[in-house]
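To start, the structure under review is shown below, and the notes come after it.
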Amino acid sequence: QEIPERIGYVVNYATHEWYQNVIKGMTDRANELGIELEVRDANQDAARQVSAAEDFMSQGVDVLIITPVNEDGVVPLLRRAAQDDIPVVLEGNPVRGMTTMVAICDYDTGYHAGVAAGEYARDNFDGQARVMNVGLPLLSATVLRSEGFMDGLRTILPEAEMVHDLDGGGNPDRALEVSSAALAQNSDINIIYGINDNSAQGGLQAWKASGRSQDGLLVVGTGGEGLGFINLMATEPAYQIEAAMFPEKVGYTTIDAAVSLFNGEEVPEHIVSPTATMIGDEWQQYYSVEGTTRSINWENVNAVPAADACMKTAADL
Amino acid sequence: MTETASSVAPPSRLRALTGNNEIVLIVILAVLCVLISIGAPQFYSVENVVAILRQCALVLIVASGMTMLLIAAEVDLSVGASLAFSGVVAMDVTNKTNSVLLGGLAGIAFGASVGLFNGLVVTRLRVNSLIATIATMMILQGGIYLYTREAVQNRHSIRLFTDLSTGYVGPVPVPVIIAALVFIACYVVLRHTMVGRYIYAVGANEKAARLSGLRSERLKLGVFVFTGMLVGLAGLLLASLMNTGQPTAGRGFELQVIAAVILGGTSLMGGRGTLIGTLLAVLVLKVIDNGIIILRWNQDLQMIVPGLVIIGATWLDLVRRKSDAR
Amino acid sequence: MPQSPDLALAPRPAPSILATLARRNEVALLICLLALIIFFSLASSSFLTPRNLTNVLGQASLAMVAGVGVAIVVMSGEIDVSIGSLAGAVGIPLVTIMNMTESLPLGIAGALLLALVVGVVNGYLVAYLGINSLIATLGTMFIIRGGIYLYTGQRSIPDTAYLEEFFQLGNGRFFDFLPYPALISLIILAIFIYVMRMRPFGRQIYAVGGNPEVARLAGFDVRRVKFICLVISALLAGVAGILLSSRLGSAVHVAGLGFEFQVVAAVVLGGVSLAGGVGSLVGVALGVLILSFLSNGLGMLNLATEWQLVVTGGIIIAAVAFDEFKRRNQKQ
Amino acid sequence: MLDEARTGHAAAIDTSIPALEMVGIGKRFPGVLALENVDLRLEPGKVHALMGENGAGKSTLIKILAGVYEKDVGTIRIAGREVEIRTPRDALSQGIKVVFQEIALIPEFTVAENIFLEDYPTSGAGNIRWRKIRDDAAALFDRIGFKVNPDARTGDLPVSQQQMVEIARALASEARIVVMDEPTSSLTPTEVEMLFSVIRRLTSLGIAILYVSHKLDEIFEIADTVTVLRDGRHISTQPKTAHTSDTLIRDMIGRQIGDLFPRSRGAGTGDVVVGVSGLSTAKLADIAFEARAGEVLGVFGLMGAGRTELAKALVGYDPIRTGTITIGGSPLCPHDTRTAVSLGIGLLTEDRKTEGLMLELPVMHNMSLASLGRFANMSFLDEKRERSAVQEFVDRFRVKTPSLEQHIKNLSGGNQQKVLLARWLMRGLKVIVVDEPTRGIDVGAKSEIFALIDRLAAEGLAVIMMTSEMPELLGLSDRIMVMAEGRITATMGRDEATQEKILNAAIA
């Protein structure tokens, strides 16, 4: 196998913990293989993403990796890259006309967390499941997670109901604000689902701020990318379930896909990166924490099986 | 009052309070409250009222300072980035020292030093405050990730820290009390002290103010620092409320604050504005935000309705002023 | 009454072109821009290539087009912060109509029509109802963005017509060299430089911004001037939105978020006073280019986002402070 | 241009019907009845003077004619035809040109562009002809005799030159009626002479002139008819020849004025309170002088002599290059107005609007600004005390204002000036520098201000008075200092001063 010299990665939002860990995985793998990896940040700006990719193409990188700010917004980029003979790997979201994409299955991730939540509610809440979804309609990935969660939950508790579907902006402070209002309106909520850790935390903090006890509450977070969820699981009794998405693994796999593509090998359209539902202190299987540094336990993460295909994708929305 | 000439009589309290566009805001607020509670009686639940007030508290604290800045004909767009950063600093220092006092002071001092930086750039380098503080916003957004790439977790577990935002004094949440104290202090300063008069004067005509012996630059610098301190205070409260120092917090906070201040009738050109107006505007905006969720409307309306209210209220006020003039 | 002495106030000869040039405020900006370009050329080998330089011109074009409009509004004494939302919104009629009719001109017409409507609303609110322009356009900014979300359900609208012209508009190059967006932005810039200097209407804009009361006394229709400025600004934001849409190949609901900040920063950096009546479009163009080259060059240096933000902020302050310093020294 | 361009027009002016008739004009502002049933009739080729105290309603009447304000009641006829004037454009198209009391120029534009603001000369393609604008402006100034640089940025010019630009602008294109609201308030006598010769030329072409001024000698020189307003009401309209100074003043203020220049004190011989030596700034060179407690030091100079510069350097506003200034013995830090004020020196500026007034703030806040410390208790204001102190000054100076809450922008120019003077007097100073203190002020108020200056000196203040008014200089000063081109060219005592001597020194 030949090794590309330079790979350019245009990331959606480099300062977010998720992407920091994706980049960390990519860098580790690129260093192992002796590849020069350059990262440009779109900073959530679709126009800036195009500019950054354009710069990479004019510099002549060997492979381009893109996490789309918006999946429709990079269609012309794929075409321009093809004109310049630069292979492109997408991370995160499928794009019309792409060759390959490395991504977790968002729907499935939510689904499995939903199943776990259903079992938890069956055992602890007499089968009552009234969900506040601290969601983010802005992105198809996060919408899939919420759908998956509810569908998974209903496999155990068919009566489960989403009593409030919120737009928490994916930010902790905004999530807290909207959750406060929703909690005031629906006092019978007993499950808080957050499409990312920040959203779950915002929902939980709103619960605590309203002066309620955490008995009879279940919080389910998604991501598991930083120290935040570990701290929450350790200190907050209600925070019991986390859908881990292993961003480092995503980064690692993406570089491998890029190398394969560079060699003209046949690659699947969707390379699925595995996710896992962690209940209680199961996170310790995958991560260990020392002070403020978290390290990944590659052995166990690599052992997590990945599905061949997702149950549902953005195309089904 | 009787012994002096009649023209010496001060205007009545009520008129002084409602002299500006405040009357329009009061009406809007009342209408909103009535309509929302018809649609969703939970609006008036203690829990919801407390939630609204707590949200108002953060914005009001910063908006009080921003009102003064706008009256002095300056503006600060870095408050959102600074809010997140000072929260992170407050949490980090509390972790390291195990002292809420030191952590809180560090957060406030951080906010104040951002204000100082802004103030120096504006008054010494004479950079227009709008662009100077956009630049500061960028520097802070970058700087916060240089400081920490991850949210700073609460490692100290001191009750007092979380009580700052979730505690109560009697039935009233602590942040609301803090905001009320800040507001009253700002109100008194602006209306009843020399400093307040000077702020209006500098905003209305800086040259004339300087010729009258005011140190306009120092005054502006002071208002920047004071606003920065309030941002630091709000950042501390936010960190307490989130129980983490969140580098991603505060996005768009500056727009919320500025929208409230100008909806409250403060002029961007300086020399005009009142804190009561700002208070009412903060309430109006937060009630709308809350009401849309309580009514289970589409949350996209949380942008559209405030937009309409900002334009509508300003227009109603113009109409009212015109008819007053007749 | 003794005869008046001729006190040194004889009309001076018309100043030489060179002297005028040296006094222009754009000079400081030009120095900043050249310094940046020289620095990046030395620091990165891939910076000073024709491909990269033309790329940057293309990337700058969105802010350039919208910046001209915003600058004109600011010169007239008002401000327009709704341009970011509007640039995002025009993609919707553009792509929808193209998908239905397979015609780019019809799509563009639809996009510009939406821009025109927004411009008329902004203009009416500000000029005829007398609502402060920051308030009015902040309001429309929220309304339009909320409207986009509501209408699209926070999904983007893909282009399914696959028109080649649509792709070329934002991604193609004139004679395989200059990106079309750069060409369009330069043409628009040239037209408005000419209008501001040579047409009475351009001078009316400066007059209205410099002192509306005086402009009124001189018989100008102040409200009409402001109205037209806001319409122009909306139309140019619409053009920027069309180019953006073509570069994104779709109508993206988050397109143009924060664009108003970028543009206002470039306009102020370019020496346009927010008080109105002062500034030049050449300065605005330089302001836009400084920010674009900065972003491109720092990327080339492989600087992390956080450092890029810090450096960009620092350079903005330094550039404006330098300009201000030069201005003050001139006065002495 | 003036004459050529007009000849065709002048032929069209019918001298038998009045150029302008305003009948029964009324205008009310919130809280003020500015005009009530006022009549005015202008004849072609005649100069009609409009007089009255500050706040009498002169500018309001003019602004109604110019389309700035809409009248509440009344009719306007131009050349016998009834017209509606709603906007300035209407007025311009009726051939009404106005020189406003407040300078109405775009500061960022060149002088030449300002002159042609109303009507840019354009080429066939509609492009502005910049060369023609500049050349025509230069030619226009030559013709009138004003010395103004057409290429200068208007905002950089001193007030006096801006006023010349204003006047020139009204003459740049054809007009039927030219209105001048205090056009000479910052002109030197020579320039006033030039203006008068222009006015005579205009009247000979059949153009009607409405002329507002507080300067009686000007009125007696140029006017044919005089209309007097008082408190918004029409008092009298008579040919100039029917008036004497006394009758005119009586009509204007409803009472007699005694001595315009009272003198209640001997020559000032107190301690030196202002000491200046070796002072140089960007515009001043080697200034040295002293001022003593209890004296009025008059400073005379032609336009651009540097008086305003000196005044601003004295109060620490402008940076100084070399030299020292001491106030009451203590040295003044340059570029620090705060210490200057606290040492007891204040400046009443020449340019009220941009350097004195806070237009958006109430009268009370404007007046008490410099002396808030007096009403403050640990920085907290005692508004009651403040209010009564302000009211006292409002009464004493007869400031016409409906209330202390009125925004100062709604006061007439003269009343604004009184508020600004009161700002300093309320504070209590050792030295007051007044730059053109009576610009735009009516005789009644003028005599009050003169009396005030005299009394201030008698109470032991040093008064440094920059003025262009010869009578005021000779009437009030104990000593006279003359400046030219940024230097002091002569200093003389009250007794040795003559008009000749002063002007010779000013030219030197």
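A few remarks follow.
Letters A, B, C and D name the chains as they come in the text, with residue numbers starting at 1 for each one.
Convention: a contact is a pair of C-beta atoms (placed from the backbone, for glycine too) under 8 Å apart; a residue touches a chain by one contact, two chains touch by 3 or more.
Small disclaimer: the values here were computed from a predicted structure and weren't measured.
Across the assembly, the mean Cα position most removed from that of chain C is the one of D. The distance from the centre of chain A to the centre of chain C, with each centre set as the mean of the Cα atoms, comes to 37 Å. As a whole-number value, the distance joining the C-alpha centres of chain A and chain D reads 72 Å. Chain D has its Cα centroid 43 Å from the Cα centroid of chain B. Residue positions of chain B touching 2 or more other chains: 141, 145, 267, 300.
In chain A, the positions touching at least two other chains are 15, 137. Residue numbers of chain D whose C-beta contacts span two or more other chains: none are found. Applying the touch definition to all chain combinations yields A-B, A-C, B-C, B-D, C-D. By the touch criterion given at the top, residues 121, 125-128, 130-132, 134-139, 141-146, 255, 258-259, 262-263, 267-268, 298, 300-304, 306-308, 310-311, 314-315, 318 of chain B touch chain C in their complex.
Chain A contributes residues 14-15, 38-41, 43-48, 50-52, 54-55, 58-59, 69-76, 79-80, 96, 137-138, 140, 317 to its touches with chain C in the complex.
Residues of chain C touching chain D in their complex: 1-12, 14-15, 197-200, 203, 206-207, 210-211, 213-221, 277-278, 332. Residues 15-17, 20, 137, 164, 166-167, 169, 171-174, 176-178, 180-185, 187, 198, 201-202, 205-206, 208-211, 226-228, 231, 235, 292 of chain A are the ones that touch chain B when the two sit in their complex. Against chain C, the residues of chain D that register as touching in their complex are 66, 68, 87-89, 92-93, 98, 100, 104-109, 113, 117-118, 120, 122, 126-128, 134, 138, 141, 147-152, 161, 188-191, 193, 282, 302-304, 485, 500, 503-504, 507.
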